[in-house]
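What follows is a single structure, and I will ask about it in a moment.
Every chain is named by a letter (A, B, C and D) in the order it is written, and numbering of its residues begins at 1.
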Amino acid sequence: MHQFSCQRRVEFSDTDMGGIVHFARFFVFMETAEHEFIRALGSNVHREIDGKKIGWPRVAASCDYKAPARFGDLLDIHLKVVRKGVKSMTYGFDFRRGDTLIARGSLTAACCELDPETGMRAIPIPPVIADLLEEAPED
Amino acid sequence: MHQFSCQRRVEFSDTDMGGIVHFARFFVFMETAEHEFIRALGSNVHREIDGKKIGWPRVAASCDYKAPARFGDLLDIHLKVVRKGVKSMTYGFDFRRGDTLIARGSLTAACCELDPETGMRAIPIPPVIADLLEEAPED
Amino acid sequence: MHQFSCQRRVEFSDTDMGGIVHFARFFVFMETAEHEFIRALGSNVHREIDGKKIGWPRVAASCDYKAPARFGDLLDIHLKVVRKGVKSMTYGFDFRRGDTLIARGSLTAACCELDPETGMRAIPIPPVIADLLEEAPED
Amino acid sequence: MHQFSCQRRVEFSDTDMGGIVHFARFFVFMETAEHEFIRALGSNVHREIDGKKIGWPRVAASCDYKAPARFGDLLDIHLKVVRKGVKSMTYGFDFRRGDTLIARGSLTAACCELDPETGMRAIPIPPVIADLLEEAPED
């Protein structure tokens, strides 16, 4: 799978005193869309594979804001796999309300083995996950 | 002024189940550093100038994550003015714990007049604010 | 209407380094359930009535935590109207995962007229809203 | 020690579209004050004692809101130990801006041994921590 769509309604606590969605919330929205995508693939973000705990710490995140979103708005979120690397994934996200582009973001996550003693170590994405993911064709 | 430094201690609620600071929190950390910078200049982020309400909605935000930060860490945050435009400002941020670079981010905000009826409209940065801000010299 | 049920999946950013949902998040979950309830009644939390802006600032909030909730959990949230006052509403909330009671909370909100100049002033709940709300029978 | 005071400046992201601090944020403010208190005692919230990982999951939390707090406000937070139990602690919190009482809250946390396999188990507060804590005298 190389793309995925979901929706999210803006909550009161997503807003700030400017009356619009706080810009940092879009990163949470991206992450949750990413996790719904992984769940839709039949997998899990945090899981054990061959006795190793796998996690996806973030390497980079960015967002361009095009129009404000407000309390109660129902946002259409479109995720696509921008790049499938050996040890990392980059996702792109479009946020729309109807025809209006609200924001466009990107998230890069590294596949890591989590060890309580030694911390995190980047590893090749295990085939059981990698086989589910495809790069989206260029637009 | 073209640069500013402040500190921030990582709170428990900044962390996630991965045991590290949630990546979206760095955007809040950047924003608060920006606001402390504006306050250090003797101004305010949200203020009235000539009867107009001024705000700084975000146009773009990005962050690269270099090393995890954890509960209780005292982060040194260094802000510099990357670009002073006519209607917008771009700030760069370094997050360090001692000598360790934790993250490097960027925030671009547009100077806007806020009107309860018509919404937000980008305007040239009023001189009373613009005169306080300078671009940092290239490294 | 005097009760309402909805569901919410625990997001990664809801968790803390303890590996469970951060306790403050339950207050956001309550608020969003309250707003979905108001929406289900065909009304809106923030609206104008007779040219007045109406809002519901919180007077009191509490929560008892019975069992931890974790990333990916699907929580059943049950709201009931505990008390319908002249100027305020008190809601009770049960959070369950299957048969397990996770938390039980309460939220009291005052009906206020919001005036940009003078701030907030408690007012009797306008009939157009009050008529939609009923107290739940005692258990 | 049975009381502790600290300050906190309200950040932009603490606010909501009502123009005031979102009510759920006060629970984060309480928790951070609790942790600063523990740090002031020379201890740590999350630590190992005799090879056991100790944590303080929340049992109950409540807050009464007296007056709104706004962006930029400097809040005085006063913590006192309301109850020192065998396995739990209850803290009370007053939030003031100058002479104005903003909110009054309470937090009860259970001392737990955290086991990655079996989860959390309430234990008597280890003497090395308990000896640092005293109940505040009745007002």
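Here is the rule we go by: a residue touches a chain if its C-beta (ideal position, glycine included) is under 8 Å from a C-beta of that chain, and two chains touch if they have at least 3 such contacts.
Since the model is a prediction, treat every value here as computed from it, not as a measurement.
Enquirer: Check A-D, B-D or A-C against B-C and flag the pair whose interface repeats it, over half of the contact pairs matching by residue number.
Expert: Match found for B-C within A-D, B-D or A-C: A-D.
Enquirer: Counting only C-alpha atoms to place each centre, which chain is farthest from chain A?
Expert: D
Enquirer: Provide the C-alpha centroid distance between chain A and chain D, rounded to the nearest whole angstrom.
Expert: Result: the chain centres lie 33 Å from each other.
Enquirer: If you average the Cα atoms of chain A and of chain C to get two centres, how far apart are those centres in Å?
Expert: Computed value for the inter-centroid distance: 28 Å.
Enquirer: Counting in whole Å, what is the centre-to-centre distance of chain C and chain D, each centre being its mean C-alpha position?
Expert: 23
Enquirer: Would you give the residues of chain D that are in contact with at least 2 other chains, written as numbers and ranges?
Expert: 12-13, 17-18, 20, 24, 28, 31, 46, 71
Enquirer: Name, in rising order, each residue of chain A that touches chain D in their complex.
Expert: Its residues touching chain D are 12-13, 15-20, 22, 24, 70-71, 116.
Enquirer: Hey, which residues of chain A end up touching chain B in the complex?
Expert: 17-18, 20, 23-25, 27-28, 31, 46, 55, 57-65, 68, 114, 119-120
Enquirer: How about chain A: which of its residues touch chain C in the complex?
Expert: 11-13, 28, 31-32, 35, 39, 44-46, 71-72
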